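Below: the structure, in structure tokens.
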Amino acid sequence: MQRIGVFICHCGTNIAGTVDVKAVAEALSHEAGVVFSTDYQYMCSESGQQLMREAIREHRLTGIVVGSCSPRMHEATFRKAAAAEGLNSYMVEIANLREHVSWIHKDMKEATEKAIILGRAAIAKVHLNAPLQAGESPVTKRALVIGGGIAGIQTALDIAEAGFEVDIVEKSPTIGGKMAQLDKTFPTLDCAACILTPKMVDAAQHEKITIYAYSELEAVKGYIGNFKAQIRRKARFVDETKCTGCGICTEKCPMKKAPNEFNMGFDKRGAVYIPFAQAVPKVATIDADYCLMLKNGKCGICSKVCGAGAIDYKQQDEIIEREYGAIVAATGFNPIDAKVYGEYGYGTCPDVVTSLELERLMNAAGPTNGTLLRPSDKEHPHTVVFVQCVGSRCTETDERGKPYCSKICCMYTAKHAMLIREKYPDTDVYVFYIDVRTPGKNFDEFYRRAVEQYGVHYIKGMVGKVTQNGKQLRVQASDLLAGEQLHINADLVVLATAIEPDKTARSIGTMLTASMDTNDFFTEAHPKLRPVESPTAGIFLSGVCQGPKDIPETVSQASACAAKVIGVLAKDKLTCNPCVASSDELLCNGCSSCEKVCPYGAITYTDKEFRGPNRTTLIRRVASVNPAVCQGCGACTVACPSGAMDLKGFTNKQIMAEVDAICK
Amino acid sequence: MQKMMEKRALELLADGTVSRVLGWSAGEFPYDMTPAVFETAEELQDGFVYNDFCGANLSKYLIKESRKEGKILVFLKPCDTYSFNQLLAEHRIIRDNIYVIGIECYGKADVEKLKAMGLEGITGIYMKDGEYTVETVYGSQTVKAYEAMAERCLACKSKKHVVYDELIGEDGEVVTDCNRFDMVEQLEAMTPEQRFAFWRGELSRCIRCNACRNVCPACSCEQCVFDNPNSGVAQKAAVNSFEENMFHIIRAFHVAGRCTDCGECSRVCPQNIPLHLLNRKFIKDMNAFYGEYQAGEDPDKKPPLGTYTLGDREA
Amino acid sequence: MSHSNHATEQVLRSSGVDVRKCMRCGKCTATCPAFDEMEYHPHQFVYMVEKGEIEKLAASPSIYKCLSCFACVDRCPRGVEPAKLVEAVRLSVIRKQGQNHMSPDAIPALLDEDMPQQLFVTALRKYSK
Amino acid sequence: MKFSYYPGCTLKTKGKDLDRYGRLCAEALGFTLQELPDWQCCGAVYPMAKDEIATKLSAVRALVSTRDAGEELVTLCSACHNVIKQVNNDMKTDADIALRVNNYLGLETPYHGETNVLHYLEVLRDRVGFDNIKAAVKNPLTGRKIAAYYGCLLLRPGKVMQFDDPENPTILEDFIRAIGAQPVAWGMRNECCGGYVAVEDKTQAQKRSGIVMEDAASNGADTVITACPLCLYNLQKNGGSTLPVVYFTELLAEALGVK
Amino acid sequence: MQVTEYKPKIVAFCCNWCSYAGADGAGSARLSYPEEVKIIRVPCSCRVNPMFILRAFQRGADGVIIAGCHPGDCHYTSGNYFTRRRMALLFSMLDYLGIERERTRVEWISAAEGAKFSKTMTEFCATVAALGENKRLEDLRCKK
């Protein structure tokens, strides 16, 4: 039997003005288990807390009920006071007599009655309270960043600057991501390479950062503070430690038929290659799909010309294992495949390109050395048509497109249109738009400049069909404001294709037990208040893997994400919320119902031996909850048919006791 | 059929594929077919029976049986395979220790219906071409299948085996127009007062014998919440209407999304309470609200209560 | 807006189209092969049905110009299906007595010897009841 | 291989070639087209309205009798194919339409879209296989440049027809290659020729078919092929071009040496 | 003549993060609602077990309302989505058993929606009061 103390706060007249506090304290003093009951002017004050502490000592109280303001205000205060007297914090319950009683009711009699009932409910609960201990777990002071685009680089740099070790895992041979492929960046039009490559070098040179390029995440185990990751270092067939990046092998390689993915396939590269001049790490990679030596054992030229002796045709994939305290997903995006939009002629008409392809066609380091030439005949286009929202903003059931706005297309299309008009004033540029969406600092001004200063023709309407018409493209479109159907003979059509999360995101999300939405974007712990954290503790989100973003937004989110990671790594030990779920192994069926509804992946199963009848042992699969990962929502407790799963601090019996007390 | 099954079982026992056979044997009455485990060829030859009274779903017994030493052979009708799959998805049975023979089924007979037709001294039954031949001590007699078939079989949802190692007889198809929700719809069409009266009329007969729970393949908890004194809701016998309602609502809720609609609950109810109508209500609602879902059909598909979509209907 | 509520409801019901899904991109009109012949274009059908302006649409020759080619239906990113609205408005007209757009008597004059008979069938199906 | 076959009205009269060559080639390629008994005109245009029941019945009757024969239903005329396939989809997915149609027909076993509807071209692609056709060709049409005209009805609505990528189809091009000819790349192959208004508004039909024919010609085609009697008539009559328009079955017959 | 007005007993399960805070907000803004409503704090609406609801009716409640964060705003990201499914099914089942559908309700009330909290509770009370005493799920032993 608990020895319960009841403390009714007047809150000045806030409570006492409507509730007869003395009557409440008196009524509750007769409840079973209550050994002390009193009222006081301000329980939260220093002297109020003192009163409580004395009562705990004097009456050897094992449980406390405070009738006061909302627990959201002062629960922590009273818990601390109880703890100071050696009573477990979780033996304190609050009856909310202010927000839920005195402030909303006027009739003293009724308010007093309600206050007594709420007091009884709190007493009923305290009877079933058990002391709870917040657990602690150690923290490995190292972070893993998955993805080496601008998001991953920025997050890694910020974490490293705070003094913690960071590993970047990047699946391509170089870090840099999509930004490395861009020509200029909006709204300032500075060159992407000029601002990105110094950061890539910083990352490479930082003593706290290790870059595992051409590597992929293989498996992850563990929980916040204590992750164990396996990383597959794919065979480059080039010894990274020996290669100097001189590039002689790439020049001498006789097999020059591999499509150059960095240039969106507009030109070819060798079977041994360095993606681009500023690649980090700047080492060669052999593409096993094309290398003659690897395919049929004949060639070996690169090995002969390599002065450093870095070529190693026998290299194998290597799996390394590392421990981390926090993991950052920065897996980025890709444009969707525009081939599904056959009506725009992509894939059948060579002069229909995507915006990312156009970036390469305009980039000084691209296949045309920065001169805008159309792919079909390398001629300069005189009429260029941009189509916005290709695959964005589609209805949920659309099989070809995405339901969301890709967010960056309006701005980069304005940029493209502007750059073309600036470099080639003899070009007519049309942009077909549904809406022009330019929220962002200096964004709308930028778009207006494209229209007003550069004379880009913005037309409200959509393109319906693009067909090849001799050397030109016939573009059939609507001009909704003029009520016309337009037929434009264009030389180049550029599709602003929707962006989607990288294909690897889904499997990485599964490994991390980080939840994802139906579009494969990572879900944030709270859409407003915790936007850079995954609901799974210790997993953080950086960049477009969480949702479409432009570069400035990506960089700010990357830094915010770093701050959250530093917050974890800076601690030596993590305190866990003790109000977590726990499973009674004797009752658990191991049916996995709870696991399915857990947003945190906190539940795992093990086969355990149990004593059966007649001295037999039975092996049963039972659930166990990792208290460091569980956040205490309780979804599992209802999913569990056997009642094995319960939530500490809000147990089935506690809640039913409150129900009973209220309905009495 | 019985001959083929017995022959195959003997072969599998003999070649050591399995060490035990889970099948049926005659109970107190020849029409009262009871699940039984046979460990030797002799036991099998003596006791094994299969006929159209063998309605019992054997899958639940595998929770215990598949954890024992050696492999066990089990005969599963199409509807039983759904329960089997569901138990598999819930990790309740160990697949490696089980050899499943799927057996064809065209509907089991309800002995009560036969008795009501005046048949006495029933000793056996088999179906051929849409007719049951009922053997009695007074000779055999044929009855139109649909006149004597169990209600649940008349509304059979599937003649397809969703899991098996081998088949005896033919595999069928999912029955798309089984009309199994007709009665639920009729109830839904009533006024709340009529519905309340209907269910009071039914549930007030409940004697809390727990037969429904004990036979149900989804009710396989180590300890039922209603038996657990620490659960706060333990009740051994329903003392009043509330407790009757409580037990059956919570039972239906606990099996919602897991119940394969095998109909065993109603089959075994000594008070003939149509308990399957509670489960079917949940199944029908889940289909209507969240898309078609058949428990046990595809172990990889997420159950309706284990997932959600952003656009779900409001409660 | 309210004067033709009943007509609007009938068109919405008969077409099964949710006009509120339209985001006004105009792709239907951009892709429509009958644009030049139409007074009201596919996107206007969607917008005007939403506004309840069925009478205007019903009185327009546009309802006989749709080629039922389903290009607007397939290419609409929002799944709106404007062609179904055109058909529903046309039906609302020709289902009224004496409102047939084409009668069987008129057909012989339009015939030529190569014309496949499915063409008359469709013409009668589409333009009369 | 045996299929139930729905020829449709036009294939019995003006579109005899489509049918005749289709049957000859089927025989040559080893599959049988069993004409449905007592089929009725499908109506030739799919009634889009949800409250149109009567106009869907004849398609359902054909579907039901195919189901009862335990076969798949093959069509050859694009218009019939479109109507029957779309009505079948209604019966499968629109419970209200299915209920009302079933009530009206009073079938012993209600129909819910169980029948699989195939176009002749799908049989060629998915059952016979273009590689096998290639092997069976006796007179390859080498050197011929052929424009495949899909029109609307085979492809759209793509979700229902499930015939090919509605925006970038390849089935007819693959067919052309199989018979030894060279397919022409052209943009108007899946744009409407205006066939449905050829009675009511000749000018519009002329304009649309003119655009289609001109595109085929300017891309170097020597022949246009189609699976649709409506398109064939309209392109020939109203297209204002001397370019021949023929049924794909005719070319197939030629290539197989059964013409 | 003084007529004793019938007052229903209402149990409101409120999630800690949104609706309980919304109730606090109603208090801070002095937006009154009937005192028949008694709130039980749960971490998330998904903590509410159907057993708790039946228990409340057994012990004499006339109405039970569950309030949680708006869909998409759950503190635990997905809890309220599970609540929505579970309660949609449970309420439909209660209705199927002939128990008045209006005695149970789920509402999404954010921490900022004090006014909505007060309005919802007032309405719910009125609805339940109009139904009268809960007879169909009562347990006479629990009645005084």
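Letters A, B, C, D and E mark the chains as written, and numbering starts fresh at 1 in each.
One rule holds in what follows: a residue touches a chain if its C-beta (ideal position, glycine included) is under 8 Å from a C-beta of that chain, and two chains touch if they have at least 3 such contacts.
Model, not experiment: these values are computed from the prediction.
Chemist: Which neighbours do chain A and chain D have in common?
Modeler: Joint contacts, listed by label: B, C.
Chemist: If we look at chain B and chain E, which chains touch each of them?
Modeler: Neighbours common to chain B and chain E are A.
Chemist: Using mean Cα positions as chain centres, tell me which chain lies farthest from chain B.
Modeler: The chain lying farthest from chain B is C.
Chemist: Which chain's C-alpha centroid is most distant from that of chain D?
Modeler: The most distant chain relative to chain D turns out to be E.
Chemist: Taking each chain's centre as the mean position of its Cα atoms, how many Å separate chain A from chain C?
Modeler: 47
Chemist: Nearest whole angstrom, what separates the Cα centre of chain D from the Cα centre of chain E?
Modeler: 60
Chemist: Averaging over Cα atoms per chain, report the distance between chain A and chain B in Å.
Modeler: 45
Chemist: Can you list the chain A residues in contact with two or more other chains?
Modeler: Those would be 343, 465, 597, 639, 652, 656.
Chemist: Residues touching two or more other chains, restricted to chain E: which are they?
Modeler: Residues 50-51, 55, 72, 78, 82, 86 of chain E each touch two or more of the other chains.
Chemist: At least two partner chains per residue is the criterion; list those residues in chain D.
Modeler: Residues 159, 166-167, 191 of chain D each touch two or more of the other chains.
Chemist: Run through the chains and report each pair that touches.
Modeler: Chains touch in the following pairs: A-B, A-C, A-D, A-E, B-D, B-E, C-D.
Chemist: Applying the document's contact rule, which stretches of chain E touch chain A when the two form their complex?
Modeler: 9, 11, 16, 20-21, 23-24, 26-28, 30-33, 35, 38-44, 46-52, 55-56, 59-61, 72-73, 75-79, 82, 86, 118, 142
Chemist: Across the complex, what residues on chain E touch chain B?
Modeler: Answer in residue numbers: 50-51, 54-55, 57-58, 71-72, 78, 81-101, 105-106, 136-141.
Chemist: For chain C, which residues count as touching chain A in their complex?
Modeler: 21, 23-32, 35-36, 41, 43, 71, 75, 77-79
Chemist: Could you please specify the touching residues of chain C with respect to chain D in the complex?
Modeler: For this pair, the touching residues of chain C are 13-16, 33-34, 36-37, 64-65, 67-71, 73-74, 83-84, 87-88, 91, 101-102, 107, 110, 112, 114-123, 125-127.
Chemist: Can you list the residues on chain D that touch chain C in the complex?
Modeler: Listed in rising order, the residues are 8-10, 13-15, 41, 43-52, 55, 77, 79, 152, 155-159, 166-167, 191-192, 194-201, 204, 207-208, 229-230, 233, 236-237.
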